[in-house]
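Below you'll find the structures, each written out as C-alpha cells.
One chain, chain A, links the two complexes that follow: it is found with chain B in the first and with chain C in the second.
== the complex of A and B ==
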C-alpha cells in the first residue's frame, strides 16, 4: 500500500472526538485516522497528508465549532480541487436547514449524521462512503474486501475486469 | 343681517305682489301647486324661473349611493331654479311642495321681455335676485368654513385614532410576546425537570460504576492504570499527533495505529506503568483498563454538564413565581452566558464581574435583558469578535452593568430609536426580529427603577450601560 487513504475527523469537543475515533477503530488498519479540533487545524492536516503523498478519503465533520464552522470548512475543501474527491459527512446536532442546504449545494455533502450517533450507523455510513471512494478513484478493491462492502466491490471488479496485480 | 335681509325681502315681495295685482298679463304667469307636488326632478332641465309667493318648497338632493338629503326649505321671496337659470344646466335637485304653493313662473326665454314689459316688476325682481344670491353666497362662505373646521376635527380624530391603534398594536405584541415567553418558560421548566432525572441517574450510576470497578481490580498495575484513566483529561488532536511520533519510538513493537493513538492519549505515568509491567500484564489489557477508567470519567463529566445546563436553564427561565426577590444579578448573567453558549462559542467573551450588592429584582426578566443585548451583539459581530461584560457598584446604592462589543456600532440615525417598540433592523420572520427585544428590555429595567442607555464607543463598537438601584424587597 504505497499511497495511504486517511479518514479525517473534525470535532472541537475532545470527549466527542475521542468517542468518534474509538468507534472508527476497526477501519484504522486500512485507513489511518487523523483528527483535528478546529477547521484551521483540519486544513493543516489536509495539507500535511497530501504533502506526504497520501490522500483524504473521508471527512467526518462537526458543524458548530469556534472559528470557521464545519459547513464552511467543507465548502472550502470542495473548492480546493486537489481534494475534491474526498467523501464528506456532517456529524452534528446543530446544523440548521440553511447550513445543510449550503453544505449539499456547495460542498457536495455525501451524508448527514445527527448526534447522537450509534456505532452501527457510523460504521455503515463510513463503509458505504469509503466503498464509493475506492470505486470512484478506480483503486484496486481487492485489498479492501475485508473491511468495506465486499458485495459491491466484487460486483465492481467483475464489471470493470479489474484483477489483483 | 338675516333679519334685515328678511325685511328687505318682505318689502320687495310687497312691490312684486302689487305689480302682479295691477297686471292681468302677469297674473297669467301665476301657477298654483298643491302640497306634495313636484316642480321638477333632479337631472331635469328647468325651463322656468320660479319666484315663490305663497307656501313652501323643499329642495332635495339624491346622492350617488341612493340616499336622499333635504338641502333647504325655501319660503316666499325665494327663487327656485336660479342656478339652472343662470348656468343653463340641468337641475341638481328635486323640488317638492311642502304646502300648497303659489309661484310666479317665468319662462327663461321670456324673462327679458317680461322684465321690459313690466318695469314695476323688473326692479324688485332684480333686487330680490341679488339678495337671494347674496344670501346664498353668505351661506356658502359659512358652509365652507364649517366644512374646514369639520375636516380639521376629522383629521385630528384620525390622528388620535391612529395613535391609539399603534398603542394597541404595540401592547398587543407585548402581550403576545409575554405569553410566548410564559409558554416557553413552562416548557423549559417541564423539560428541565424531565431531563434532570435521567441526568441524575447517569451521574449516580457512573459514580457507583467507578467504585465497583475499582474494587474488582486485584492486580495493582491494573488497578493503578484504571485510576489514572479515571483522572485523565482528554488530549487535543495536535498533541495526540505529536505524541504518536514519540510513542512509536518508545513502543517500537506496537504496530497498530489505533493502539499507538490510544497510548498517545495516556499520561506519562500510565506509559511508565505499561513499560514496568509489560512482562506480567499484556499491553492491550492495560490499555483497555485505562480506557475503561476514562470512559467512566467521560460519562461523569458529560452527565455533570447536562445537570449544570439543566440547572442554568431552570434558573434562567425563573418566572414561575413572578415575584420580586433578593438576587445577585451576576448569577443571571452567568446563566445567560451558558444558555447562549452555542452563539457565544464563536466569540471572545471577556467577563469582569466585580462584587456587587444584592438587589430586589425579577431574575427571569433581567435575564431577558442580558439575552436581548447579547443576541444583538452576536448578530452584529463577525466570528472572533469581542464581547465584554462588566459589573461594578457605584457607591452603596448603584449597580452598573456594561456590555460592550467591538462590532460596527449603531448608526447615528437609528441610535435614538432602538428602544422604541417595533423598531428593528432585522428582516421580518427572523428569530429575534420582532423589534420588541430592546423595547422590552427598556421596560424591564425601568420597572426595576433603573435605566438603560446605549452609545458608540470611541474605539468602535456599541456599549450598553444599565444602571440599577440597590433596593431591599
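== the complex of A and C ==
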C-alpha cells in the first residue's frame, strides 16, 4: 500500500482525546491516527498528510474549542478540493441546532455522535464511514476486508466487475 | 506513470528478449520466425513479470505482430519461400473471433444477472435443500458456487458468495475450524467450477481459440460433457478435504437467506434470455448453430429491450477480451512463421512416453498458474502443445484436443496461494485464513487435479471424442 489513509481526531480536552484514541485502537494498524488540539493545529496536520502523498479518510471533530470552532473547521475542510471527500463526524455535546444545520448544509457532515459515546457506537460509525470512503474513492476493497464492513465491500466487488484473468 | 525498480527491470528484460533473436541465427528457423520468437520472449516476460497490466501487454502483442509480421508491416511485405505473411486483419480480427463473441455474450448475461440479483436469488433457492449441518452446508455452498461460476466469472461469483458466508462466519465461534473451511470452500469451488463450460473462465477460451485455429470446433455441450464429470469429482474431493482438514465444531449452522426474485419486466426478460441462451448453448450439438452465434442473442435482446444500458456496456470487463485475443493472436504468428514447430522440433520428445508428456504438461500448467495468471499460463503453453500434436513428433497417441484440454483444465487447478487466482485473494482478504491453510489445502487439490486430469486424458476424453 503506497498511500496511507489517516483518521484525524480534533479535540481540545486531553482526557477526551485520550478516550477517543483509545476506543479507535483497532483501526490504527490500517488507518494511522493523527490528533490535534485545535482547528489551527488540525489544518497543519491536514496539510502535512496531503503533502506527504497521503490522505485523510475520516475526521472526528469536537465543536466547542478555543479558536475556530469545529463546525467552521469542517466547512473550511469541505471547501478545499483535495480534502473534501474525507468523511466528517462531529463528536460533541454542545453543538446547537444552528451549528448543526450549518455543518450539514455546508460541511456535508456525515454523522453526529453525541457525547458521551460508547465504544461500540464509535466503532460502528467509524467502520461505516471508512467503508463509504473506500468505496467512493474506488480503492481496492480487498485491503480493507479485515477491518471494515466486509459484507458491504464484497457486495461492492460483486457489482463492480472485478474479473478473472 | 511512475515506474518502480521491479517494473523497470521487467521492461528491460522484455526488450532484451525482443531484440536478441535479431542478432543470432537459429538453424532451421525462418527470419520471420526469429521476429516471432522476439515477440514471444517480450510477451512472456511482460505477462510473467507484469511491469504493465497483462491486458496492455496483449494489445502490444497484437500491435507488434501487425507492424513487424503482417503483409502491411515493415519487415515482410512480400511472400517468400519460407514465410507468407498474414494479412494484418487476421491479427486484429482476433478481437472479434468467435470465442471472444461467446465471452461477450457470457459477460452480458452475467452482468445483467448481477444487476437483477439473479445470482443471489438462485443461491438462496439452491442452498435451501442442504439443511443446517455444517458438512452439508459446506457441500451446498460449493455446489452452488461451482454452478454459478460455470456461467459467471469466478471472481464475481466469489464476491457474491462472500456476502453469503461472511454473516454465517460471524455467528460461528472464532476458534471453530469450520470458519477456515468455509472461507476456502468458496474460492476453491469457484476455481474448479469455472472449468465446466467454455465461458466459465478465460483459459477455456484460450483452449477453444487455439483449437478453432486448427479447424476444430468444440460445441458448448460437448465441452460440458468433457469437463463436467471431472469438475464433479474435483469438487467432491475438495469438499471432503476441507471437511477433514478443518473439522467443524458447530453442530448446526444458520443461513439467513431472505429475499425474493425481482419481478420487474426487465428482470423477467433477463430470466428468459438467460434460460434460452443456456438452453441453446447446451444443445449446440443437436441444432448445429454455433455457440458464438447464439451468444449474440442475449447481447441483441438485452440491449434492444433496455435491460442493459449504455452504462452497463461500458462497465463490461473488456480487458479480459483483450487478454484472450492477444493470446490467440500470438498463436497465429507462432504457427505461420514456423516458430512453434521449430521450438517443438528442438526438443527430444520421443524420450517421453505419452503418459509422461501429459503428466508434464498438466504439472507445468498447474505450477505456472499458481504464480501467473491462469490465462497467461494457458496462452504460453498451448502453442507448444498444438505444434507438438500437429507435427506428429510425439506419436499418434498424442491427441491435439486432449493435450489442449489438459493444459486448459490444469490452469484452473491452481489454488495454492493468495496470488494464484483473484478468488483466492478475496478469500484471503477476509483475514480468516492463514496462507499456510490455503497452501496445504491448495497443494492437495492441485496434485489431485493433476492425477485426475491425466486419468481423464487417458481414458474418458478419448472415449468421448472418438
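Brief remarks on what is shown
Everything below uses one rule, namely that the second predicted complex is superposed on the first by the 162 of 165 C-alpha atoms of A that agree within 3 Å, B and C clash if a C-alpha of one lies under 4 Å from a C-alpha of the other, contacts with A are read in each partner's own complex, and residues count from 1 in each chain.
Everything that follows uses one rule, which is that a contact is a pair of C-beta atoms (placed from the backbone, for glycine too) under 8 Å apart; a residue touches a chain by one contact, two chains touch by 3 or more.
This structure is a prediction, so every number in the text was calculated from the model and none was measured.
In this superposed model built on chain A, chain B and chain C occupy separate space and fit side by side.
Looking at the shared chain after the overlay, A:104 reaches neither chain B nor chain C. Put simply, more of the residues of chain A are touched by B, taking chain B and chain C as the two choices.
Vertex at the C-alpha centre of chain A, arms toward the centres of chain B and chain C: the angle is 150 degrees, rounded to a multiple of 10. In the superposition on chain A, contact is made by A:68 with chain B only, not with chain C. Within the superposed three-chain model, A:17 lies in touch with chain B and out of touch with chain C [touch as defined at top].
When the two structures are aligned on the shared chain, A:35 is found in touch with chain B, with no touch to chain C. Once chain A of one complex is fitted onto chain A of the other, the partner contacts of A:143 are limited to chain C, with no touch recorded for chain B.
Of the two partner chains placed by superposition, only chain C is touched by A:157; chain B is not.
Superposition on the common chain A brings chain B within a closest Cα-Cα distance of 18 Å of chain C.
Residue ranges of chain B in contact with chain A, taken from their complex: 234-238, 240-241, 256-258, 261, 265, 291, 294, 298, 301-302, 342, 345-346, 383-384.
Contact residues on chain A toward chain C in their complex (touch as defined above): 141-143, 145-146, 150-151, 154-155, 157-165.
Of all residues in chain C, those touching chain A in their complex are 54-55, 111, 114-115, 119, 153-156, 159-160, 162-163, 166-167, 194, 201-202, 315-317, 319-320, 323, 373-376, 421-422, 425-426, 429-431. Per the touch definition, chain A reaches chain B in the complex via residues 14-15, 17-19, 21-22, 25, 28-29, 32-37, 41, 64-69, 94.
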